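Just dropping this structure here.
Note that the chains are named A, B, C and D in the order they appear, and that numbering of residues resets to 1 at the start of each chain.
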Amino acid sequence: MTDLTPTMFDDAVARVRAEVASLHAELVRYGLVVWTGGNVSGRVPGADLFVIKPSGVSYDELAPENMIVCDLDGNVVPGTPGSDRSPSSDTAAHAYVYRNMPEVGGVVHTHSTYAVAWAARGEEIPCVITAMADEFGGPIPVGPFAIIGDDSIGRGIVETLSGHRSRAVLMRNHGPFTIGSSAKDAVKAAVMVEDVARTVHLARQAGELIPIPQVAIDKLYDRYQNVYGQTTDDRR
Amino acid sequence: MTDLTPTMFDDAVARVRAEVASLHAELVRYGLVVWTGGNVSGRVPGADLFVIKPSGVSYDELAPENMIVCDLDGNVVPGTPGSDRSPSSDTAAHAYVYRNMPEVGGVVHTHSTYAVAWAARGEEIPCVITAMADEFGGPIPVGPFAIIGDDSIGRGIVETLSGHRSRAVLMRNHGPFTIGSSAKDAVKAAVMVEDVARTVHLARQAGELIPIPQVAIDKLYDRYQNVYGQTTDDRR
Amino acid sequence: MTDLTPTMFDDAVARVRAEVASLHAELVRYGLVVWTGGNVSGRVPGADLFVIKPSGVSYDELAPENMIVCDLDGNVVPGTPGSDRSPSSDTAAHAYVYRNMPEVGGVVHTHSTYAVAWAARGEEIPCVITAMADEFGGPIPVGPFAIIGDDSIGRGIVETLSGHRSRAVLMRNHGPFTIGSSAKDAVKAAVMVEDVARTVHLARQAGELIPIPQVAIDKLYDRYQNVYGQTTDDRR
Amino acid sequence: MTDLTPTMFDDAVARVRAEVASLHAELVRYGLVVWTGGNVSGRVPGADLFVIKPSGVSYDELAPENMIVCDLDGNVVPGTPGSDRSPSSDTAAHAYVYRNMPEVGGVVHTHSTYAVAWAARGEEIPCVITAMADEFGGPIPVGPFAIIGDDSIGRGIVETLSGHRSRAVLMRNHGPFTIGSSAKDAVKAAVMVEDVARTVHLARQAGELIPIPQVAIDKLYDRYQNVYGQTTDDRR
């Protein structure tokens, strides 16, 4: 499952455990989750593994040692810390994404309010604000209705996002899934998709939206992906 | 009132006092209550008693020792800590539920904003998001208009929720009451009912909702009640 | 200005200073104010004086010693701590209320969002939820349009609230003023008026509201004013 | 670039660094920003320089020493602390304002939700509440659609706000920029523009707004700019 030396492997897993555990706090900080809902995962670089949150555990109790290591089929890796617990009930969807999108380093799922509201109407979010052009390069698409239990959620995410600029998909009647180059990047996308879902909802409530010309969207997206921030890492 | 030994009884009461006192903090954390409104109660396992919050006391001052022990007719048990104070003005409604629904271990009442908004229109919340199918197995029903002073609120809760999948009822022009297998489970239902009330309100504001097929609702509900979480306790 | 002995007078002023300073934190906690907006005052029992917040000072810097003592004409009492600063720009309105409503022990003014929204339409809030019947005994009335600079705001408050059950008035295009038996009671009314303004706004947004029969409103109001809480003080 | 002695200059820069760094916390406190969005800058008094936030850095990590000193063309001043990092991607717009509006001491940009919602419709906010008359002296105007990369955003801000009472402009499809006599004053304007954007949005959602007569707006604005607060500094 890995080409790393044992020490490098242990270090890589420990880093991802710590990162994934602490990123859950961002979901709470931005009000994207209630109770035990929502989950963040991160790929272990150099290994066919990812780290994800346990199922039904309170956000106050999340710590690096109770994060769970899974292989790309979504099976818990026996003998690793946390392997006595069940992983997030969305683990199969995360695994499907990692298996089929090798460029993805992190996946996030929430039931954040405004994003779910668009999903309950099966309506994509139009790109009418520059921050959305920067971050997503166009509209946020809607994925199919799919329920937990097989690969249909994962497949819906991958089919909708493959070749799309957006790192966020609104799964119909369900909620947003976001992907990123890292777990942190996927969390940023989860924060931003709720922010644009709320802003565009409110804007449209009060009258006609003014579209942004496609050429301006393209320019903004290109610049933000290549110039913003301090380093490549900050760009997202 | 109990088959427990005196020590077991004291321990059981102390545990419920601590649980009920601390669960009130979740109502504050999720913004479900203002000032002294809202109340949580929990049944004492093995005894015909429940523990409830005192009336009109600030959330900052709630502690295990000022929780109040009542019998199933809603009378304060004399000589117990806190018995010099008045219990929540909704005590009669809680008592009615415990008397008539032996499977209920906890009851919560709030005036949370969006749930009350549906209640002021006497309108049930349709089940259009998967999180709601998971948690409530269908729509959130409306109970009758009833005012404090006799058993009519309690009766309205019991008649509406008996045989219903939902653990939450919107009492008309009043607000949500939730029940659960434990006080924590009822608090979770109070958090989730406000979350779905808000999300479905916002979704419908902007256009047509897409229904979820009943067969999918049934599957989601069944799975969530039986598979989610680490143990039976976490499933709710 | 007072029948108190000097020591009793000093103690009374110190108590009101401390109470008024700390109550401002409740305005922040419930999100009723931004920046330096909003103000709380409290009458000094047994004296023709009240204590109010300084003008344009940050909520983080409010302390008992920088509260300002005024007479019932709204003049700062020279030589008292804080008398080198200007009192709240709404001091004249508070003074008018204390002068003309001897039963009032506290006054609060905010620009809380939903209450101001009703005020910008000059529309009273209908009584369609039981918590509102409990607390205000009917609708929240609208007062006249009046601007700062003379007694017209104070007069508008007094004329609207005299003989009205409601302790809150929405001054047109301006915002809520609330009165109470004490400063704390007036703050509670400020918290509750925003809560009902928000809830009824949202309820009506989605459809027809169901009215509460007047006889039920009367019963709820009577009970809440006379039975709720631990003592007369808690009843409000 | 300055007439100050070296010590005076160092002190002035240090003061502005500290002020600008700490004012970013107000953007977080009032919920005006998410992730790394938003920026505050302040002019260095007596020098042709301003201090601005680095690009794409988390709000938790902002400190006086990583603020960046720029000249009025928006170039980072080499050799100053923080000069190894990139300044905010909105630096050119800030610089344009400082260059062309010598009376401006601070500039703020956010993507605050309700202000952006008005901007997405290209609609100015009408002055229907007294707090808005106080603070902005009339409606909040809309500026042109302009994208990052040249002087067009800065020019749009300056052309819209020159000779206008409002210190806030809603740049179309983008968001609010605010100016002030100091960085703190511009932050206050950013807080207040979101507050009025939200309140007027909600008010209008539910029915007809009542206009405020122009003569009353003029009186309120004049009084607030000249009488409110403890000193000239507090008046804004």
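As a working rule, a contact is a pair of C-beta atoms (placed from the backbone, for glycine too) under 8 Å apart; a residue touches a chain by one contact, two chains touch by 3 or more.
Note that the structure is a prediction, hence the values are computed from the model and not measured.
At the interface between chain A and chain D, under half of the residue numbers involved are used by both copies, so each side presents largely different positions. Farthest chain from chain A (centres taken as the mean of C-alpha atoms): C.
Note on chain B versus chain C: their Cα superposition corresponds to a rotation of 90 degrees, in steps of 5.
Chain centres here are Cα means. That of chain C falls 32 Å from that of chain D. Mean C-alpha positions place chain B and chain D at a centre distance of 46 Å. For chain A, residues touching at least two other chains, in rising order: 205.
Chain C contributes residues 34-37, 54-57, 85-86, 89, 111, 113-114, 116-123, 145, 147-149, 172-175, 201, 204-205 to its touches with chain D in the complex. Remark: chain D residues 30, 128-131, 188, 191-192, 195, 198-200, 202-203, 205-210, 212, 216, 219-220, 223, 227-230, 234-235 touch chain C in the complex.
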